[in-house]
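For clarity, chains are labelled A, B, C, D and E in written order, and residue numbers in each chain start from 1.
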Amino acid sequence: MRPKFSKRVSSKTLPPGTLVSTTDRTGEVKVTIIDYNESVFLEKQVRGVDECFELRDKPTVTWINVDGLNSIDIVAKLGSCYQLHPLVLEDILSIDQRPKLEIFENYVSVVLKMLSYNEKNSGLESEQVSLIFGKNFLISFQEKEGDVFDLIRDRLRNAKGRIRKSGSDYLTYALIDAIIDNYFSILEKFGERIAHIEEELVKDPSPKTVQTINGLKRELIFLRKSVWPLREVISGLTRGDTTLVKKETVLYLRDIYDHTIQVIDTIETSRDMVSGMLDIYLTNASNRMNEIMKILTVIATIFIPLTFITGIYGMNFKNMPELSWQWGYLTIVGLMFVMATTMLIYFKKKNWY
Amino acid sequence: MRPKFSKRVSSKTLPPGTLVSTTDRTGEVKVTIIDYNESVFLEKQVRGVDECFELRDKPTVTWINVDGLNSIDIVAKLGSCYQLHPLVLEDILSIDQRPKLEIFENYVSVVLKMLSYNEKNSGLESEQVSLIFGKNFLISFQEKEGDVFDLIRDRLRNAKGRIRKSGSDYLTYALIDAIIDNYFSILEKFGERIAHIEEELVKDPSPKTVQTINGLKRELIFLRKSVWPLREVISGLTRGDTTLVKKETVLYLRDIYDHTIQVIDTIETSRDMVSGMLDIYLTNASNRMNEIMKILTVIATIFIPLTFITGIYGMNFKNMPELSWQWGYLTIVGLMFVMATTMLIYFKKKNWY
Amino acid sequence: MRPKFSKRVSSKTLPPGTLVSTTDRTGEVKVTIIDYNESVFLEKQVRGVDECFELRDKPTVTWINVDGLNSIDIVAKLGSCYQLHPLVLEDILSIDQRPKLEIFENYVSVVLKMLSYNEKNSGLESEQVSLIFGKNFLISFQEKEGDVFDLIRDRLRNAKGRIRKSGSDYLTYALIDAIIDNYFSILEKFGERIAHIEEELVKDPSPKTVQTINGLKRELIFLRKSVWPLREVISGLTRGDTTLVKKETVLYLRDIYDHTIQVIDTIETSRDMVSGMLDIYLTNASNRMNEIMKILTVIATIFIPLTFITGIYGMNFKNMPELSWQWGYLTIVGLMFVMATTMLIYFKKKNWY
Amino acid sequence: MRPKFSKRVSSKTLPPGTLVSTTDRTGEVKVTIIDYNESVFLEKQVRGVDECFELRDKPTVTWINVDGLNSIDIVAKLGSCYQLHPLVLEDILSIDQRPKLEIFENYVSVVLKMLSYNEKNSGLESEQVSLIFGKNFLISFQEKEGDVFDLIRDRLRNAKGRIRKSGSDYLTYALIDAIIDNYFSILEKFGERIAHIEEELVKDPSPKTVQTINGLKRELIFLRKSVWPLREVISGLTRGDTTLVKKETVLYLRDIYDHTIQVIDTIETSRDMVSGMLDIYLTNASNRMNEIMKILTVIATIFIPLTFITGIYGMNFKNMPELSWQWGYLTIVGLMFVMATTMLIYFKKKNWY
Amino acid sequence: MRPKFSKRVSSKTLPPGTLVSTTDRTGEVKVTIIDYNESVFLEKQVRGVDECFELRDKPTVTWINVDGLNSIDIVAKLGSCYQLHPLVLEDILSIDQRPKLEIFENYVSVVLKMLSYNEKNSGLESEQVSLIFGKNFLISFQEKEGDVFDLIRDRLRNAKGRIRKSGSDYLTYALIDAIIDNYFSILEKFGERIAHIEEELVKDPSPKTVQTINGLKRELIFLRKSVWPLREVISGLTRGDTTLVKKETVLYLRDIYDHTIQVIDTIETSRDMVSGMLDIYLTNASNRMNEIMKILTVIATIFIPLTFITGIYGMNFKNMPELSWQWGYLTIVGLMFVMATTMLIYFKKKNWY
């Protein structure tokens, strides 16, 4: 979950618009085609995308979902079928894009980040999702197979809600909504971790806690970077710059705009809380340090003078009259006792222990 | 009062617009209907909301107040009676909304946060209030019964002020005003707590004070998050985007806009003050630490050399002429006294104690 | 000078527009009427405000100054005489308003904060001033009698400058100008206090200095809160939204707008300086602490090994040949001297003392 | 170079527009008149400004430069000659103005800050420069004689560049350009000082370094305050609100706008660097402190147990069999040596010294 | 890589528009001319730029690349050939420009910063690149020869991509794209260094690490300063203020606008991370300090009382009955053992070691 510092590294020496896959995931690319309208529903998994040409001209909504970005061929074919701009295809393949929106005459391109929480190394993982939608089609590209879109597929299959009655713009909305809903579950995990660390801070703080806090801080920076540009993307869709987004759908998009703001709000609040936790850790650490120093000081200031006195009467001078006194020893021990007690009372008063 | 990281958790796998209650409060839902104009006043508590249909078409203002969000049925019925958008109904039921304003052709939806101070665990509690108002109706939804709106009910009953002479927009204003007035009493409690902590800081600071300060800080973050979006909500109502808000009422709304700004101002000032308190605590802690270290240093630097001298004359060398001197003991004790005094004077000059 | 966390506390249960005095100052309300044009000048002090009706319709400029906000009756009468909106009257009486501007058709309402420096407890005091001006009248409300407006009265009496030749808008300008000029003298006092604390920081810093710095910080927050909204108020007056402000006066208002910016600038600079002072204090404190620790360390590291050596030769072993050597004592004392000198040179090199 | 907290202190009780000199510099006011066009060039130094009347009506460009603001008479005469607004004259004389721009119908008033670096007390000094230009005249006011404008005079005399061919607006540009060029040399001095302090930080940091850093910080705040409003001033001149600035000149003004941005950028960067230096100082100080504490700890933890052992065998118990052993002494000394070595190895491993 | 505090130092006393070279690089200036359209391609290296006149009037695109800014003559000749404004020529030669865009009627001037990473002193180096493009020409100025543009030359030679089919605006885009792509490789190096420092922080933190972190921080400030204004530059090119940028090219420019935002985002994230690293260092340092202090305290608080007891029985009082007891020695040693154990258990419980 380190921020990546590279753009299309390997395509650097190539002219813009040259298609190069930047994903490091391999495996077969999976293409699923769903073709539907209110009455018709067709779903099939294909190897190539040659069928897209015939589907393109049908009035039904065609959703082509591509899992895996390592097949340049498929992307190129879809690009030529739906006449997509070379830069759009390049953006789909280079996986370090910022969330962004590009509105063209016949289609709209939306790039998003899908986040998932890797339980193994308890780190965030980011995956790029590109959505290209036009009058009666939507093409979605994911880096790997995921289950977030399965809910939408179910709804399509079962004709639940408005989804079968609406066009490709509503389908786009449904997919973005699924991704943003997923952010909320990520945030929930964050919430649990924050609560866990807070407990740790009170019960058993250790230098490792600081590292955990810092890791959390960094993941929040990363999360924020993924979500922040989404505001503009979604508000761009609602602004009415394209007729591809119908008026009814704008209302739904405004709803997910609110959700995005809510996600950003929660991220900001979490950042504030995480910063506060570092303060608490440092204050606690300094408090414990002070406690320790106080005890050292109390012990040292009591015993150093007493030890000095024993040093005096340990000297080997011939002529030390006190040494021969009958009660000399008891007197000195008594004196030391009085001194220690006085100091203890003094320190107690000063509230030192 | 922890920030919640979930949106409509249970509705996640459902298509948008599906009504799911997210409140964790149970108990019977209480519906109160008040129907009034300048001369007529009718108030009754009902079980269902079937009466709303006949009231809808009457010219009098109808205020339907719903306490409790666990009855999806009631919300759905009201929605169908007043033809509300499914997303509006969903917002009413999902209680983690940000304050927001949605303007539709025939009605306006306002979502607000009502805050209350829980004396038991001295924490803030937040409750969502939704207000839907149209030409001659206002529907308000609260999570639980509260007394903030009772003042408005009294005014309606007694026909105090302009309220009976005005329409549903003025009633909306009155309700929002009651909620914002409530913020001021919350802030007053904050003011008392800040004053209390400040006193504690001066008189008896303890590591627990830091925790209290941090709790306060977090509650202020939470409060800010609840109030900040209100600015936009209220300024949206005054902007004249809807004819449902009459021109006379805009003036009143601008008044509560000023109050909102004042609340935000006070929150910001409180945040500054709370931050300052942490600085004071840390400075005080470090000052006390320095005091303790100084005393340790003074004691140690005085007695360590003296003890060394006693060590010298405690050695068992055969040939130590000083030991046999008549006044050896007294000379050495005198020397030690002179050393101690010199050091004390030196430290006094250096302003160490 | 604590920030107040209450709005119209006592009026909370009352409908908006109900007049309630929130001032805690008592004493008789003093009303002064000045009626003038270029040739005429009339000044008198009255008990009631019944005269205002006849003055209202005269073409001369009428300035009604009300000192004291505890007479609801006077405010209500003036309100009915000049047909002021109930919310305006409520704002005049509730003394925790933010500076604000309300433009009505026939009059303009300006709420400002007048600051004064209380020499006794060296704290800022804030007083609310409301100015209502229309075509040929200006009504000013103050919480208590003050001398800031006396300068304007003098100018009116002596017909100094343009004031007698101009209308009520110029008089409004003159009053606001007097208030802002007063801010500069407040800032001058702040400047003196900052200079004083800086001197203290260098000469004799104490934990109390931190408290003074924090007090200053808080007063600057308070001051900022009072002045910041003034920008909008004055720029609102110059924007030409009302014909009550003549074009010639706009130039003068722009001049005090510049002054307001200058006040805000100076406040921001002062805040930066005060923050810097806390840094200096902490750095100084930590430097002194380091000095003390260094001395402790030097003393301890020199004497601890030496004392150990004396301990060795203080042991009572039967068979310790060194003890019987002729020069054993001197050798050991010499050795200790060499050790101490070596360490001193080492510490000197390390730049420890 | 302390920020000043006073505005027109002495004029406070006077009506606005009353001319009062606020400069504390005395000495004779020097007036220089340069009158030129492409072919004509006239330069003379005058006592009064009575000549201005005849020059005013000539088509040649007249540059009247006034060094010294202590002659109200000259300012007033120029004001009446060129029909300047009283507030403009007041601004010229009150030397604590913020840089500002006022556009009138027949002339434009620009107030700037000229900065100079006082080598003696190594502090910044600020001087107010006002430029009033109209169709064929430019009047410049400085607090004291300076050499920044001499370069422009030279160019005028020698007819270098476009200056003689252009109007008063280009002359204004040339003067502002000279002032901003001067800022760069100020910044260069700052750069040298920052480099100097950085070297000091690495080689020989002392508490005094912190004071120098803080002084620098404060001067940068002051510098920023002087330069920041210049952005608006110059962008105001380029916006085309006045026909007095010709289109060709706008290009040149945009050039100095870029320079202003560059100055602001450099100031911000310097502020970041100075803040970083304080961090470095504190980190270094805390590192040195840690080093010292480590050495104390190593010495103390090695010798305290050893001294304890010598204490044991220094006890005078009758029955201590070890004391009579043949090799008792050597055994114990050997034991102590082993202990010390073990601890040293342990501390070495822990990387303590 | 220190920020430079000088502008055209040597040209300060000269009128604006005077050409002075501010580069400190010497060596021969290299001029390369590439003239092309879809079918024609001509590339040659020339000494002077006299050929430009004939190329100017041909319809082919002419790219004149000038490596080295120390020849005023070449710049002046090109300026007169293409009728460039003197200020543009001045900007080309003064190498401390901020990235900026100037749109003229017949040409557009773009100033950029090319960054390179100097492996030797691991510091950033900045080089100014100016691009002037008009209808059928592009003139590029670099401070020294670089290889970033070679990729573009290759594409031109091989007629790869759209570049030979497009005009000078597309060539401009290609050059800016090459420069921004270069930023990504710079950021990659930063990423490696950040990762390296983080490892160092965990494994072997030293005061030198802080210096490295601070150096990184400063370079990020510098980088940010170079990249930030680029946003405006590129968005200015896409805004359509000039017809010299064709509509097809705007899409490509918007693509590099996105890249710029991405660079800025990464810089901001890196800054956050670097700030976090300083926190980690300080927390670690303070933790290590605490560990050391704890050990000192444990050792001291255990042995100081024990040593005191040995001191007691080392006193030479005649009458100390314990000394004659048979088991006195063992009793005391046993007592000391019990005390030490008790304290160790107590400290263990307090979690001190």
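Following the convention adopted for this analysis, a residue touches a chain if its C-beta (ideal position, glycine included) is under 8 Å from a C-beta of that chain, and two chains touch if they have at least 3 such contacts.
Note that the coordinates shown come from a computational prediction; the quantities given were computed from them, not determined experimentally.
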item: Intersection of contact partners for chain D and chain E; value: none
item: Same vs different contact residues, chain B with chain C, by half of numbers used; value: different
item: Approximate Å spacing (C-alpha centroids) for the pair chain B, chain D; value: 42
item: Where chain A and chain D are represented by their mean Cα positions, the distance between them in whole Å; value: 42
item: Chain A-chain B separation of Cα centroids, rounded to whole Å; value: 26
item: Multi-chain contact residues (two or more partners), chain A; value: 286, 293, 296, 300, 304, 307, 311, 314-316, 320
item: Chain C to chain B touching residues, read off their complex; value: 2-7, 9, 12-13, 15-18, 85, 87, 91, 96-98, 100, 102, 207, 210-211, 214, 217-218, 221-222, 225, 278, 281-282, 285-286, 288-289, 292-293, 295-296, 299-300, 303-304, 306-307, 310-311, 313-316, 320, 322-329, 332-333
item: Residues of chain B defined as touching chain C within the complex; value: 151, 155, 160-163, 174, 177, 181, 184-185, 187-188, 190-191, 195, 251-252, 254-255, 258-259, 261-262, 265-266, 269-270, 272-273, 276, 279-280, 283-284, 286-287, 290, 293-294, 296-297, 300-301, 304-305, 307-308, 311-312, 314-320, 352
